[in-house]
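Shared between the two complexes below is chain A, which pairs with chain B and chain C, respectively.
For the complex of A and B:
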């Protein structure tokens, strides 16, 4: 069991109502990531303690799922829609344009200054907006930006990289 | 075990009537409220608030309307409904007047909000003629009924599962009860209907699983009812992962109580006291709405202990997924609920023997459960009036891609696909021009790619897709226009199935890696003669995977080799008429005098424009082919096909 520190106590209080062998682990991981931004080693250890599992088991479970992060997220995350309706409208070009603008090699990476990252998103059925991305800032909002072109996405990525808020970029 | 049978034998004779009177009391309260919803005392504007409407800015519209109403002091109510079906005109609002007339408008922009308030005050058709989509209820003469809208021309005269969509507030339990929800439950418990009768009526109605496999639901429930032990589970598969399908989202965001009631009835009919809804993380609004609806149902004794005052119990929970497509496979889903990696396992044992926490379980799709109450409320014969011999009833389909109108419809099985494409407004290019159909994608990444000439022979029925080595799937259909190469879609789906492979079978994770490599290499212009036989080999190998993910993953590639052979062969030879495969074209500046070229040079994310105004050139070696410069200066920069690659060496 990890030593009690301020953050372990906080994590413990987030997950105090979850029980082992009750189908609660996904929810516990979600709750911790939602509050803390990501699943740190410490968080995994505390969760393992609560669920009477080994930390390695919890990590093994969590790492199977796309949504869990084990490093702090970037300030802004661009979630790029990988669906077919977007793909027929140059969404692959949009992905490459954003990656090139942010000097990233592939999706899943973030810029060195921690300002932006690009992750692969899944279609949620708002295909009238294709091609689209979602711009996310942790715990503040998730904003769909649709009917993009490669040129628009480059302007957006440049703005985000220079630290502008998404509201400013879209209205300005 | 608590079941309908035991309730019949073990309780006092007056329990049935107390259940009925408890239900009647709920209906009385609900009717009272709903009456004023349909005929409000003052005009009411209902803003659509489903995922698609919100993505199109309906929350902003609502904010502006609320502020304007507050400032002007107008006596107008503001409410919520689900969108009606045509997502291309979102955000929509509907206005309901005291006489019961309700009209749907869209797309609403912030600038038109003041007109909207005027319209609500002055009556139908006074300020917003250009935004009218159709009349949902009432009689005002001039405005055509929404049912006559071309987009809904393939739908039956009356919707069934989506009957209340766009009319009721999905967050309101009273609206659900007033429109018939929980009536079937009250009847089953109140009249102590033997549990077998419920399952028999589903078999008689011909209800089949809506997740794609189309197994008879009543038979599946019989397996669970006959399983050993006292503790059974019912599980709802709401992990709708197929890109291009959002059928379950519509049902959960629009009619949450039909799913709850369907699962409750499944619990009663199979002796289960616990239900799980495994809902994908990408649908946060559906998660919210389902959780709220469950809480409402518990507060009104429709879930939990002592349902409607009887001694029956059923508990329902939402499990939030975390972005793993393979959890849509039922055994993967079950292990994901049990605090572990969502890896599918070998069947048998089937979930009806060994399911959640190693106890007998039943897994059905959202729509399967949601359809059950409706069948019991009406009759099996009523349900069979629509549909075909082999697939009865209706189901919701979502349509997207290069079509004029993206949206969802509730269609009877057997509807011709060509008619549906017409009602979606035909193929449209991104510029809004009419185009030609190139391919049809059904069934998601494990589904099919169909050629354009198949459309005249396709109807919405599994048997109609089979001759094309295709499946109809779970309701998502994407129409693809000319201008996209089939290999672009193959790359998308190959990447997807590779990424989402759970990794247990080497055939699946290794085979799909190999398949993706080959597709990417062909796209980069380095196709080889032996790629087709190798892809065939990968296909054969993948058939030995343990679960359907591996077995179905080469299907779209196989379809390409079957139905798009010429396009494939051309691509192998380095020739791509659509100029969408990145390795088969380069960019050429055709007009150096275009002033937009300067902006195009600055937009390039790689800085590959060289020279100066009047003498620009593009360094193709660093170009990522994102197309941004063409977006900026479409008349000055063009794609030019590369000469056929000399690297293609025919097999002797």
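For the complex of A and C:
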């Protein structure tokens, strides 16, 4: 039997209002990810318990959606816009420049020290900023950075990798 | 029944059935890669396409979703159907290796040849572990897929273009190689709908969809119990048994019975003619003979044959010379045993001989052993758990007028109301636990669980009465009397839920009610009290039909069979405890032990050991080099269980035949032959056949061969007596922490009895379960080693903090380190079944 710990109790309190067979599962997963930053194995087990499901069912369901994470997020996430407007303005080159600077092979990875990760984002219509990325720190800020050039994106990635604050990078 | 036509042949079929099942029953080959017989169709693979006249929108229809209707005209053999199947199969094959189909040497490769990958062929093709027993391969051949030459020149196929995903080989039972997976999802459905475990799911989406265990980690981190139901349904080499993965292609199958618990699941041993694996099973599959187990077995049934390595088996007989054991031939060793026994009989009398049988033996072996005792003229015959079994039987006799309950375990899954009293049925009797889960999930059965420890059944129960160990009888009795106040320590909410279920007899009057109890194997008084309490509870719910609704699950496999065969003390004979005391006091001088191991099974290890060392002659007949070898004067090497034949009587007194995988080589090493030879050596007439059919109420041999699995050794006449008994088990509580124990799922008898390194292969249970509150009080934390101290006795082991045990109790698996926990229990006295221990942090 899984042991009740401080963190399981915290997860239980996050999802206490969600009920089984009520279409609540996605919302519960979202609430836990929003609070905890990701869906840990422990969290999946607690959610399964509350929804009277098997842990594997919950994982199978959650893994269908790109937005759910099963590993702790990096300190800073670079969400790279994959929209067509950005593409026409060489967003692929921007992505490659960022990945190379951070020493990553593909999107979805994070740096070894957990400082930065690059994920694929979807177009939100602010195409006047193309090519753009969002720089996010979990539950702290989500900042669109647009009209990127290769030089600008490399500078940004270097700054984030060395741990500088985003304000410092953009203004400095 | 309606008439339909399949390939021009008129067939009678039940309307509404799935067409694919009827086609298969007719012996017509049809590819169906995702269908599992008996479950709802999944319609994922699309390979079971057939032509149904008048089908809409096209006559090409899936035979798994199609249901039988009057006058259906079905064809499975038209060109159109074949082409449709070929195109479906080519899509499946695009992401699966096809070398087994396309290698031009695939039917030629013989030992000594060079394969086209420049490997020497030792005894098989190296392409795939499932070569020649793969359902996908057969299916492809059925539709003539792959009948082309060297397609890999310039081919573009996703399988060969993407790096293979990582296989999971971290556990000792199951290998998961996702590169072979065709996402048929059979395993997902089998685990969910057949096993009610739900350890697997389809994870991800699109072309990256994969089978995932638990929360996406490794298999042993998930809820998986390694029953292997997914292996049975997997059409490819994705999920395979780890032992003998590469040489598990059986040439012959032998129908047998698993003796690992009293459910008696029927299994079939696969044997191979390949060099190096002659004469041992290479694979085990469930066999549908026993209607209780049907097509399901558990990890012990499937992997038990491989539980210990050859070094822990007793392959040669041994003779003790001072402190050494010297190898002897079986013939010499038997003569030596006879000589020793004769010396004891001549100098001290036949009454100083004791015999211990075992519920792990077959009924015939037990009959032979009992006959040996009679011939010698000693009434001292028993087995370690004998007194537990007999006290339960006498409680049943008192309350119901019979101990041969007519309750049929196939009723469990049909029950609408169940009361289960056991420590952890999932681990001790997985086959019954599975049927209880089935009742809860398929039949919405209301389950009340009385147990001192968390088990997997908890989540299927409507009410869990977590009781103090040893008080199960009192709790069950109070529940039977519908007392409004819960017994001490039981939550009021759960108690009220249980009362509602137990008390509403009218609501369940048309449905089946079952009461299942599995007594502990330590304390006879507790066991008999539990049996009486279970009777009382059942009588309150089903009145005088109790014998049809009450299930007694003995701990070990053939407990009923060996008892019926006469393994119990005869008039004025010594029972197990008296034999042990006699050995210490000197009134027992010689002991013959067949398959039993009191060091593992019996409380008070110190006393057992001093008794065994005090004997003049200790003759042990066993197939494993058990811990008894330290004290034996002669060890006679018996054939392994899979090399022996006989019958087994299961918990619901079903008589099943167990067959040896080999026809001659090991025959003279079978237990029955060894016992006969000892008898003959002592000058008795043992030249006779022992057969279950000689026992009262047992079926005749002809009848059993014809109707195996359906015949049970129960009285012809139903018994309608039901008297409520007074329960006089005191509500015991100990001052410090109460230790309780039971059988664990992953440890085999063979491994535990020989205290083998291999015994705890998975190492999921080698820990003491401690309530977090108790741990905090004792100042110990998760995972540290502690000493459980009971007076002068102690054992040291790691702990696991768990809310599943009540405060004030500690659970230790009984098979841990060859039964180490038994040293804390006493073989006599009231508190024998409930030692009190102090928890002390062990110095690192």
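Quick note on the criterion: the second predicted complex is superposed on the first by the 171 of 172 C-alpha atoms of A that agree within 3 Å, B and C clash if a C-alpha of one lies under 4 Å from a C-alpha of the other, contacts with A are read in each partner's own complex, and residues count from 1 in each chain.
Convention: a contact is a pair of C-beta atoms (placed from the backbone, for glycine too) under 8 Å apart; a residue touches a chain by one contact, two chains touch by 3 or more.
Worth saying up front: this structure is predicted, and the values here are computed from it rather than measured.
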Q. Between chain B (first) and chain C (second), which does A:17 come into contact with in this model arrangement: first, second, both, or neither?
A. neither
**Q.** Most chain A residues touched (candidates chain B, chain C)
**A.** B
Q: Could you tell me if A:60 is touching chain B, chain C, both of them or neither one (first, second, both, neither)?
A: both
Q) Touching A:30, do we find chain B (first), chain C (second), both, or neither? A) first
(Q) With both complexes superposed on chain A, which partner does A:3 reach: first (chain B), second (chain C), both or neither? (A) second
Q: Check whether A:146 is in contact with chain B, with chain C, with both or with neither, and answer first, second, both or neither.
A: first
Q. Between chain B (first) and chain C (second), which, if any, makes contact with A:113: first, second, both or neither?
A. neither
Q | Touching both chain C and chain B, counted on chain A across the two superposed complexes | A | 53, 60-61, 64
Q | Complex contact set, residues of chain C against chain A | A | 192, 197-205, 212-217, 221-223, 454, 458-459, 772, 782, 801-804
**Q.** In the complex, chain B residues that touch chain A
**A.** 51-52, 55-56, 87-88, 90, 241-246, 249, 276, 281-283, 317, 319-325, 336-343, 356-357, 398, 400-402, 406-407, 430, 441, 478, 480-481, 483-484, 488-489, 491-492, 495-496, 499, 502, 582, 603, 605-606, 624-629, 631-632
Q: Quick one: which bits of chain A touch chain B in the complex? Just the residue numbers, please.
A: 20-21, 23-27, 29-30, 51, 53, 60-61, 64-68, 82-85, 87-90, 92-94, 96-97, 99-101, 120-130, 132, 144, 146, 149-155, 157
(Q) Quick check on the complex: what are the chain A residues that touch chain C? (A) 1, 3-4, 41, 44-45, 52-61, 63-64, 70
